[in-house]
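Quick heads-up: structures coming right below.
Heads up, the next two complexes both have chain A, just with different partners, chain B and then chain C.
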Partner chain A sequence: MGRSFDEELQYLERKTDYCWTIKKGFVPNMQVEGAFYVNSHLEKLMLEELRNSCRGGIGGFLPGVKQIANVAALPGIVKNSIGLPDVHSGYGFAIGNMAAFDMDDPESIVSPGGVGFDINCGVRLIRTNLDETDVTPVKEQLCQSLFDHIPVGVGSKGVIPMQAKDLNEALEMGVDWSLREGYAWAEDKEHCEEYGRLLQADPSKVSAKAKKRGLPQLGTLGAGNHYAEIQVVDEIFDKHAANKMGIDHKGQVCVMVHCGSRGLGHQVATDALVAMEKAMARDKIIVNDRQLACAHIKSAEGQDYLKGMFAAGNYAWVNRSSMTFLTRQAFGKVFNCPPDDLDMQLIYDVSHNIAKVEEHMVNGKQKTLLVHRKGSTRAFPPHHPLIPVDYQLTGQPVLIGGTMGTCSYVLTGTQHGMDTTFGTTCHGAGRALSRAKSRRNLDYQEVLDKLAEKGISIRVASPKLVMEEAPESYKDVTEVVNTCHEAGISKKAIKLRPIAVIKG
Partner chain B sequence: MSEYAKASDYDKVEKQFEYLDHTADVQIHSWGKTVEEAFEHACLGMFNYMTDVDGVLPRKTVEITAEGTDYLSLLYHFMDEFLFLSCTDDYFMARQIEILEFDKEKWKIRARGYGEDFERARHGGKGTEVKAITYSAMKVLPEADKTDIFVIIDI
Partner chain C sequence: MICRTLDRFETAALKFTASMENPVFIVVGGGIAGVSCAETINALEPSAKVVIISVSPLIKAVRNVQELTRTLASFDVDETSIKDYSDLHPNISIIHDIVKEIDSGEKFVVTGCGETLKYTKLCVCTGARQNVIFSDNKHVIGIRDTASAKELDRKLHNAERLVVVGNGGIAIELIFQIECCNVVWVIKDKAIGQVFFDPGASQFFLPILLNKKTDSSDMKRMTYKLEQSAATKAGHVTGGALGPDWHQNLQLAGQAGQTKEINIQYQAEVETLLSSDQVDHSEVDRKSNKSLWPVYAKLTNGKVLGCDFIVSATGVVPNTEVLTQLPCSFSEDGGVRIDENMRVTGLCGVYAAGDVCSTTAWQKKPHWHQMRLWTQARQMGMFAAQCMISHHKNIQTSNSSDCETPQDICFDLFAHATRFFGKRVILLGRYNAQGIEDSQGLEFLLRTTPGEEYIKVVMLNGRMQGAVLIGETDLEETFENLILNEIDLSMLGEDLLNPDVDITDYFD
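This part shows the complex of A and B:
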C-alpha cells in the first residue's frame, strides 16, 4: 500500500483504555468501522505487527489490524469487525476476529476464513473430586497413562473403532452419536455449546477426501497447539459461579482438552475455498484479500459450506467426547475405580473456530445474524435461553486455554459483552513470536527444564514443537483475560495451573 | 532392517527452502533456477516440517496430478495433493519431489514423490503435522534465471 507507519496511525483511534477504533479508509471498501480490544501492553504488540509490515520487502504478511479492516469491507457486515485482545495475524480474518452478517441481506456472505481451517477447534474442561495431594504421588503415572490412552502426534491413528457408516452418523449427530455408542455421559450433552450437535449438519456436503482424512483420525489429539492438561484450581475469583461449575476449593484437579476437527475440518475448509473462488467470480464479489474467499449465504456454495462446516463441527465434538472417554478411562485405571466415583463431569465445552446463526439486538431491533468467530469464543450472558439451566444465573462458562505450562482461565459471559461484541470474547493467549523465531531463540532443553522446575510433567510427541509452543512464544494469557474483564465483555471466575501436559 | 539401506547411505537432501518468521504459522520460502524447481522445493519444505527429510529413504514412488487457474491456485493444489497423501492411508513422506509435466497454459502438473511411508520409530518426533496450505501472502515470482515462492502452511 505504501503508507508510512505514521500515516497508517491516522486511521486508528483509542476510544477507551481498552478499545480502539479502526476508521473507514484504513483499507478500501470498509462498510463499517473496525474495533479491537487491547490493554497498553497488548497494544504495543498490535502496533509492532503493523510497523513491521510497513517496512516492506518481499515475503511478509498482513498485520492483524489490516485484516480486521479487510473483514469490515465484506458485504452484509453488521456493526463492527471486532478484534479480541488475543488478536494476531491469520489468513484472511485475523485470529481473534469476530464478524456478524445480516441474514436478511441478500448480499451477506459466509467466509471459511472467518471460521478457520480447524473447524470447531475448541476447549472442554472436565472436573474431578480429586485434590492435588491425591494426584501428586501418582502424577508421572497419570501423565503416562493419559499419553498412552490418547493418540498424539504425526501419523497417529484413533483407537475407537470406526467404519465409514459410523463416520457419517457421527457427522450428522455429533455428541448424540457418542452418547449412543457409550462414549459420552448424558450430562456431557447438556454442558456443551449447541448441546454438541449442529442440527443443520449434512454429511453429504463433506467430500470423500475429507472423510478419508477424518476416518483414521477420530479420537486423536493432533499436534500444533493442541493438548490435554491436568490442571489444578489456583484461584477462585467468583465463588458463586465456580460453585455452579462444581468447583469449590483451590487445589481441585481438572482436565482440560484442546483440539478440533483434525484433517476432516481442514479439508472441508479447503474444498469450500476452491468452490467459493469460482462463486466470487460468477457473483462479482470483490474482497481485499484472496484468503477472504466467500459466497453469498443463500447461494448454493454458501449453503453447502455451512452444512459441511456444521458436520465438521459435529466431528470435533465427537472427537472431544472420545478424548473425554479416554481421559476418564486413564484416570479410572490409575485410581483403580470407575470414573463416576471421581465425579469426572464435564463443566463445559466451547468452540473458538465456528460460525453460527444467532439472534442479536442491533440498534434496538432483533436481527438474525451469521456470527463468525475465528479464534474467539461465544460468551452468552445470564438468562440466555441457549445456555444450560445450571448456568442461567451465572452466565455461560468460557474456557480459555493458556499456553503450555502457563495458567488457564474460566470466565463467564456478560450482558455488556452481548451488547458490544455479540457475546464474544477471547480464546487464549495468541502468539507473539513466530515459530521460526522461537526455534532460533529458545532452547528445547531449557524449555523442558523450566517446566520441570514448576513441577509440570510433560509428554510431547513432537519435540521440535516444544520451543515453538513455549510460553515465551505467546502473549500473556493473563493480560488477555484481564483486558476482557476490564472491558466488561467477560468476567473472570477461576484460574487454573497445569501440573501435567500431553502434547502432539 | 539390516537388509535395507540406511538414511546415512544417502547424500543429504538438497534443500532449496527456508522457513521465515510468521506469527502463528510457518512461511516457506523456496527457490530454484526454474519455476518447476521452486515448486518442488516448496513441497519439500512442507515435508521437512513433518519430519526430517534426510531420514526418509527413497523406498516408494507416488504420482499426483494437480490443476489450477493460475500459478497460485496450481501451487495450492499441487501441495495439497501431497499433503493429502501424508495424512491418509500410508502416511507418505517424501525426500524428493520431481515435476514430470508442467503445463503453463492449461495450468496442470504431473509430479512424482520419492520417499516412504511414515514409520514412528524412524520418522516420529522430528516435526509436526501440517494442517493445510493457505493462500495467505502466497507469491510465485518467476524471473528469467530464478524463481522464488512464498507460501504459508497452517500448523
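This part shows the complex of A and C:
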C-alpha cells in the first residue's frame, strides 16, 4: 500500500486502556473491524512493529495489526477479528488471533491458517498432593524416571503400542480410545475441552501421508519435541478457584504437559491448504494474503478439512493422555505408591490451536459459530453448560504454559470475555517483529566463497549473535496474562514455576 | 573359525521345529542392524523365538535413544559381551559362530560348528568391513570397530606422525581427537568431509579443526543418561563402540609433544607404500626432524611422506559372502538388493538390513537416500523386524502371499544427527542437493556465525529439500516438517533464517 506510518495510524484507535480498534479500510475488504488487547508496553510493541513494516520490515512477515485486519476481511466473519495480548506473526493468521464465522451464512469460511499446523497443540495440568519438599530430595530420580518413561525407544519402559489400526481408532475416538486401552482415568475425560473427543472427526479424511507421519516407528507413542514440566505453585491469586482445582497451598507440585499433533497435524493442514487454494477460484473467494487459503464451511474442501482437523485434534488428546499415563507411572514408581494415592488428577486440558463449533450470543441473538482459535485459548465463564460441574461456580480453568523454563499460569474464564471475545483469552508469550538490528559484520566471506563454488545461487541471512539478550520486542507471559486480567477477559487464579523440564 | 559348544539346554532348545505357531526368527550379525532387528521382534512378539548368530564375541547395543524429531534420533552405541547382552535380553538367544550356508528353499542355516538351524524368517545383518588399502602392509590399520580402534590407540601411543587416508565420519573425528601427534590427512576430494558437508561447511569447520586447543571439551552430554549397562562388569571385554562418542575411552595421544600439526593433502591418494630402504630420501617431504620413518607413503600428487603408520578409513565393503551362492542380486556398491519390505530380491523368507544391503531397487524418493550410517542401520533393522512379523502373520491368517507393510516415514526423509569437531551436526533430506539434476530453481539459504553455527538450506522452486544444521540451532523439527509438508516458502526468501524471527513459532 505504501502508506506512511502516520497515515496507517489513522485507522487505529484506542478504545479503552486495554483495547484498540482497527477500522475498516486499514486493509481492503474488511467485513468487520479488528481489535487487539494490549497494555501500554505491548501497545508500543504493536505500533513499533507497524512502523518498522512501513519502512520495509522483514520481508514476507506482516505485522500483527495487518494480519488481524486481513482476517477481518474474510467472508462470514462475525463481530471482530481479535488479537490477544501475545499476538505475533504466524502463517496466515497471526498467532493469538481469534475469528468466528457464522455457520448459517453460506459465505462463511474455514481456514487452516486460523488453526495452525500443530493442530490441537495444547496444555494440560495434572495436580499431585506432593509438596516441593517431597520432590526436592528425589528430583534427579524423578526426572530420570520421567525421562525413561516418556521418550520411548525399543525396549524402554514406557511402551504404548500403536499400530495402524490403533491410529485410526485414536483419530476417531480421541480420549475414549485412551480410556478403553486403560491409559486414561474416567475423570480425565470430564476435565478436557470437548471431553477429549471431537465427534465430527473422520479418520478417512486424514491422508495416508499424514497417518504415516503420525505413526511412530515401533508403533510406540513417542512424545517427541514438546515437553513436560514439573512445576510448583508459586502464588495463588484466587483461593476459591484454586481450591476447586484441588490446589490449596504454595509449593504444591503439579505437572504440566504441552504437546500437539506434530507431523500429522502439519500434513492435515498442508493437504487442506493445497486443496483449498485450488477451490478458491471456483468458489470466487478472494483473500488479501495467499496464506489465508480457505474454503466455504459447507463445501467439500471445507468439510473434509474440518473432519480431518478434528481427527488430528483427537490424536493430540491421545498424545497428551499417553504422556499423562506415563507421568503417573513415573511418579508412582519413584514414590512407591499408586498414582491415585498421589491424587494425580487432571485439573484441565485446553487447546490453543483449533477451530470449534460453538453457540454464542451475537447482537442479542443466539448463533452457531465456527470459532478459530490460533495461539489462543477457550475461556468459558461460570455456569457454562460445557464445563465440568466442579468448575460451574468458578469458570473454566485456562492453562497458560509460558515458554519452557519460565513461569506458567492458571486463569479462569469470565462473562466479560464471553461477551467480548467469544470466550477467548491468550495462550502464552510472544515476540514482535523488531527492527533489524545492526549486526556486526562477521567475517564469513570464505565460507560463502566456498559454498558459492557450487555455482548455485545463495541467499544470505544475517547471522545470529552468539549472546543474544532477551529481545526488547518480547511479550512476556506475565505481562500478557496481566493484560488479559485487567481487560477482564480472564481472571488470574494461580501462578506456577518450573522445577524441572523433561523435553521429549 | 570360531565355535562355541552349545550346552545341552541350548541345543535342545534350538532343535525345535520352526513352525507357524512357534516361529523362529534368526538374525545373522550382532551389529546395530542385527540387534535392532532382534530387539524389535522381541518387543512386537514377545513369544517368538529370536536368535542372533554373531561371528564377533561382541554385540552392539543401542542406548539412550533420544527422539529429536519424528525421523531424527540420537543414541549411543556400546559393545557388550555376548554374556552381558544375554543377561540384559533373556528372550534373545545368541550363538557365537559363523553362518556357513543358507538354504533359503528349505529354510535352514548351517553354522561353522556344523549345526543346522531351521528358521521361519531370516534377516541378514552382516554389515560391512572396512576397506583397507595396502592391507598386507603391517604399517596400515583399518578402523571400524572397538578392536581396531584400540589397536590404533596402542600404536598411536608411540607415534609422532601418522597418515590418515579417507574422508568419512571416522576419519573426520579421528583427526580432530588426536593429540600430540602430527597428522597428514590424505583425501581424494576437494574439501574435508565431502560426503557430509558442502564446501561451505567444510570451510566452516577448518578453523575449528586446525585451532583446536589441547584440552578443549566441547561435548555437551545429555542431562539424563541411562546408566552404563552391566557391560561394565570387571573382567569383561567392553569399551566405547563406534557411535558419536566412540573415541571417549581412547587416549588418542602420541609422542610429538604439545604441538599437533595437521597437513591436509586434497585430491590425492596413496599410490604406494615404501620402507625406509626402498624410498628415495631426496624425494621425502622434510617437515620433521626425524630422518628415518617406519614407512613412507608416496601420494598421487608426487609427495612422499614418512610416518609411523597409516590409518585407512576409506570406506566399507558389504559382507555379502554368505549370500553369494544364492540367486539374489547385488548392486554396484556391493550391497545385496532388497525390496521395499526389506526382502532380499530373488529369495523367499530372507531379509537384509543395515550396511550389507542396498536400496537401489527402491522407488526413488525426493528426500531420502541410503548412507551406511548407524542411524539407518537401526531404522532398517527395526523395519525389517516389523515386515518379518507382519508377513509371517499374513501367511498364518490368509495363506496369501506376503502383503506389503507401508514403509515408515523415516525412509521418506533422510535424517542423521551426530557430532563433528565438537559441534552438533544434523543433516536432513537432500542436504547437499544430492540427486537434484535440474539446477533451475535451485537455491541455497545460508546463515553462519564463524565457530558457532552453520545453517544451509536447499530450496528448489521455493520448497525446502534439505538442510545442514551445525550448532545448537533448534530448527530440526521445524525443518523436518517444512520438508515433508512441501509447502511453498518463496515469499519468505532468506528471512526464513532471519534470527529476529521465531520461525518455529510461525509454523506452529
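Just so it is clear, the second predicted complex is superposed on the first by the 440 of 504 C-alpha atoms of A that agree within 3 Å, B and C clash if a C-alpha of one lies under 4 Å from a C-alpha of the other, contacts with A are read in each partner's own complex, and residues count from 1 in each chain.
As a working rule, contacts are C-beta pairs under 8 Å (C-beta built on N, C-alpha and C of every residue); 3 or more make two chains touch, one makes a residue touch a chain.
Only a predicted model underlies this, so the values are computations on that prediction, with no experimental measurement involved.
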Partner chain in contact with A:51 - chain B first, chain C second, else both or neither: neither
Which of chain B and chain C A:117 touches, first, second, both or neither: both
Which partner reaches more residues of chain A (counting touched residues only), chain B or chain C: C
Which superposed partner A:263 touches (first chain B, second chain C, both, neither): both
Which of chain B and chain C A:92 touches, first, second, both or neither: first
Partner chain in contact with A:24 - chain B first, chain C second, else both or neither: neither
First, second, both or neither for A:143, with chain B first and chain C second: second
Which superposed partner A:62 touches (first chain B, second chain C, both, neither): first
Partner chain(s) touched by A:250 [first = chain B, second = chain C, both, neither]: neither
Residues of chain A at both interfaces, chain B in one complex, chain C in the other: 58-61, 88-91, 95, 117-118, 153-155, 209, 212-213, 216-217, 222-224, 263, 266-267, 270, 273, 290-291, 431, 433-434, 436-437, 460-465, 468, 504
Chain A - residues contacting chain B, complex: 49, 58-62, 88-92, 95, 117-118, 153-155, 209, 212-213, 216-217, 222-224, 263, 266-267, 269-270, 273, 277, 290-291, 293, 431-437, 460-465, 468, 504
Contact footprint of chain A on chain B as seen in their complex: 19-27, 29, 50-51, 72-73, 80, 84, 87-89, 91, 118, 120, 123-129, 131-139, 141, 148, 150, 152, 154-155
Chain A to chain C touching residues, read off their complex: 58-61, 88-91, 95, 116-118, 121, 143-144, 147-148, 151-156, 159, 164, 208-209, 212-213, 215-219, 222-225, 262-263, 266-267, 270, 273, 290-291, 353, 375, 430-431, 433-434, 436-437, 442-444, 446-451, 453-466, 468, 471, 504
In the complex with chain A, residue positions of chain C that touch it: 36, 39-40, 43-44, 62, 65-70, 73, 75, 89, 191, 198-204, 223-224, 226, 379, 382-383, 386, 406, 408-410, 412, 433, 439, 442-450, 452-454, 456, 477, 480-481, 484-487, 491-502, 505-508
